[in-house]
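Two complexes are shown next, each including subunit A; its partner changes from subunit B in the first to subunit C in the second.
For the complex of A and B:
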């Protein structure tokens, strides 16, 4: 695949990751701010919402940027392997940011009556387990691309 | 194809299946929350009102509080380990002047087990062992309840707690 096609592929995946890591979570948390239960308006506290939004946007931008470099790099190249590994590591931090930003213990006030807490720590930890396996395979890829660099290049030239 | 590539593909398919399963569980959990919360009749704390009985105001009488919780689980997963933590505070006047005293006369947790998806149930919290002050007190008196309902959802991956604070149930 030529360089322009790789660039287009990188831009497409950057867009996909922007939607998945920034747009959808922000829409979800914005929706939760205006939800009502049994006729009572419930409210995600402003401080909590701002903290969650900050970390989602910060790590989402990093992941999207890395996705561009990962998917615009030539197939089976060391560059692709390195960026893919960095991207997964940032993905882990992104998931973990849900924990330290307070998004895993979401407190929603029910006007005048009390509050609801959603604790999704267990879900985040299971995701972290999957990411651990992904890190393992990305490291494996990187080693594989480095060891077989010559044969991969020859195969690419033949294509 | 090299052996390394085969191993890599097996691992990738395994990870893809895991990720897809988790994503499905997460999405169904979110949809369940929307289904349950969109109808006010699905969660009723308390259902049918409270019931507090005492014959004569005083420490040696029979006290009884009943708090029914009605839950209609219209989501995609079972509701597990449903618990209700009930704490009752009493405000009373024992001297006849304007001084108001406050004491916790009941605090306990009851576990109601699981509620399967698609089913509904009314769980009754019955409180009988109260720690009532050892002296007679005069009216007026007030009861304030702190109620916490908690349960696990989405294959026990999500824990939710509903806290109702300082609810006047006099």
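For the complex of A and C:
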């Protein structure tokens, strides 16, 4: 795959990551701020809304940039392995920023009835554990790409 | 009603999986949290410019690297010397 194709691929994935990590979470949080279901006014009182949006955009930008680098790199190349690993690490920071910014303790006021607090910290912890395994796989990939560099390149140049 | 049952069933399945994995995954998650909290202190707050600059640098570097080393053919310096691959011996010659 030549340079233009690599970059088009990188751009497509960067767009996907931008939508998934920045646009969708921002729209969701904005929409959830004031929501009405079957006549009940449900209000998401999130004092750290500004903080949440800041971390979403900040880490979303880093993830998107890394995604461009990762997906525009040749298949099984060392640089792809390195940036895929960096991307996963930043993904961890991104996930944890939800907790960090208070988004994992969501207080929902139900008009005239009281409020409900959703604490999803445990879920994030479990997710972090799963992410650890992803990091292990990415490290394995990187080691594999480095050890078999010669044969991988040979195969790629012959394609 | 069917939708509610479906959602309840789905929640039960996810709950069971999470409950089963909890003793294994949670300690790893706590380790992850330790290093993440340590690293997050370094990241600047209330300043988007740093993140925008990093993102732009990443994209520009990727474009530059791809233009010079697209990875689908032998690098020019190897081709000129009639070498197939970058081996340790070839690197010495180069």
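A few points about this structure:
The definition used in the following text is that the second predicted complex is superposed on the first by the 139 of 159 C-alpha atoms of A that agree within 3 Å, B and C clash if a C-alpha of one lies under 4 Å from a C-alpha of the other, contacts with A are read in each partner's own complex, and residues count from 1 in each chain.
Note that in this section a contact is a pair of C-beta atoms (placed from the backbone, for glycine too) under 8 Å apart; a residue touches a chain by one contact, two chains touch by 3 or more.
These numbers were taken from a predicted model, which means no experiment stands behind them.
In the superposed pair of complexes, A:141 makes contact with subunit B only, with no contact to subunit C. In the superposed pair of complexes, A:2 makes contact with subunit C only, with no contact to subunit B. Of the two partner chains, subunit C is the only one that A:69 touches; subunit B does not reach it. Within the superposed three-chain model, A:126 lies in touch with subunit B and with subunit C [touch as defined at top]. Residue by residue along subunit A, subunit B and subunit C are tallied for touches, and C comes out ahead.
Contacts of subunit A with subunit B, set against its contacts with subunit C after fitting on chain A, overlap at residues 122-123, 126-127, 130, 133.
By the touch criterion given at the top, residues 18, 21-22, 24-33, 36-37, 39-40, 43, 45-46, 48, 51-52, 54-59, 61-63, 65-67, 70-74, 84-85, 87 of subunit C touch subunit A in their complex. On the subunit A side of its complex with subunit B, the touching residues are 28, 35, 37-39, 110, 113-120, 122-123, 126-127, 130, 133-134, 136-137, 140-141, 144, 148.
Residue ranges of subunit A in contact with subunit C, taken from their complex: 1-3, 6-7, 10, 14, 54, 57-59, 61-62, 64-66, 68-69, 72-75, 77, 79, 92-93, 96-97, 100, 122-133, 150, 153-154, 156-157, 159. Residues of subunit B touching subunit A in their complex: 2, 4, 8, 11-12, 14-15, 18-19, 22, 26, 30, 37, 40, 43-44, 154, 156-165, 167.
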